[in-house]
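Chain lettering (A, B and C) follows the sequence in which the chains are written, and residue indices restart at 1 in each chain.
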């Protein structure tokens, strides 16, 4: 193999790594706007068919269960009031066809003339490469910061 | 054309796509610090000559109008008090020489010994590639989250 | 040199630039989770041997001094209570083997059933390429937003 071919192989792999990291950043970035405007078709599609969303108030499996959450009275009530899921900068590590992202999320609600931060949580996202070359969420765990140490343990386990 | 040339063509296009996404992330990231320290020369230069900033309290066209906003009593008062425009992670989609970014922004003000979140808003940014290969804002729309549904509609229209 | 070799050289340099920017984004993103779960080994390792952390309440030099801060009563008390260092989107500029990142950070604490934003600060990060090709913090300066103008001056000096 020529030296140029070797350099090309290496560069293709490096480009793939950068593309993967950007794709996962983009996926996490898309999550907030999709749930904040109630797109109960596109937001669930971020999850794999057996993808899990594990949050303080329950553990859901699959896009349909997540869509039900978005269509439920709690989320619809927050949508009507004015809501923002702020996705913190994700720390992404890709390993072949799997990846882990860690970030902090904040949930803001409109509160009269002001705004209330309703949830501050640490998150781990396990992702898998899909057959079409994209990425899907296999498991997102979200834990409120607090003196129960759950958010801290979540981070310790993922690092 | 040789196989190596074909691979090179493909790789150049992929690299360009990653560079575009990073450039737009960088542009959005620069917006906060530039307005928070009152750089009324560099912050307006992020906008195209006919670039629009459309916010709850008005719609401005062109860098000069944006510079006037930064030099005005409201922004100067907030600068004196202590201000932070927190730029949420942008969801970037590039399509040739145009791009759209969606993010949530928070505006914090110092408030005695503490801090007040003064604005929580959803944002859409339409960007265009400039002749020098950079990117400029063609239109940024910013809407407070709230029960008027404006922030939600903004997201729905941009997705 | 063949045209293909020239294109390869150019593309390798462009890929390196994108990798550098992503590596610095990743480093900043890792800082929050590492300190929020008390990894007093990995968080200090983000700093160069003579790396400085300069914050309102002191100026520390070297990873050991930063580790002492993490092991001290203030940080341990916040860990027990529930804490999140939210790393704002960094504005990264790379120049050869040096780089500067600018971002806003927020520190949230659990407060009964709610959450308090305890610090909102502007930050500058000076980074240097390490012998193994990674990046390390040479100096991070963190200043609370406020009417003393320190955060604003920090930004003005770094831009």
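Just so we're on the same page, contacts are C-beta pairs under 8 Å (C-beta built on N, C-alpha and C of every residue); 3 or more make two chains touch, one makes a residue touch a chain.
Predicted, not measured: the structure shown is a model, and the values here were computed from it.
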Fit chain A onto chain B over the CA trace and report the rotation angle, somewhere between 0 and 180 degrees, nearest 5.
120
Between chain C and chain A, is it the same set of residue numbers doing the touching on each side, over half shared, or a different set?
different
If you average the CA atoms of chain A and of chain C, how many Å lie between those two points?
22
Which chain C residues touch at least two other chains?
4, 8, 11, 15, 18, 22, 88-90, 117
Sites on chain C touched by chain A in the complex:
4-5, 8, 11-12, 15, 18-19, 22, 25-26, 28-30, 32-34, 36-39, 42, 79-90, 108-110, 114-115, 117
Considering only the defined contacts, which chain A positions touch chain C in the complex?
4, 7-8, 11, 14-15, 17-18, 21-22, 88-92, 102-104, 106, 116-117, 119-122, 144-148, 151-153, 155-156, 158-159
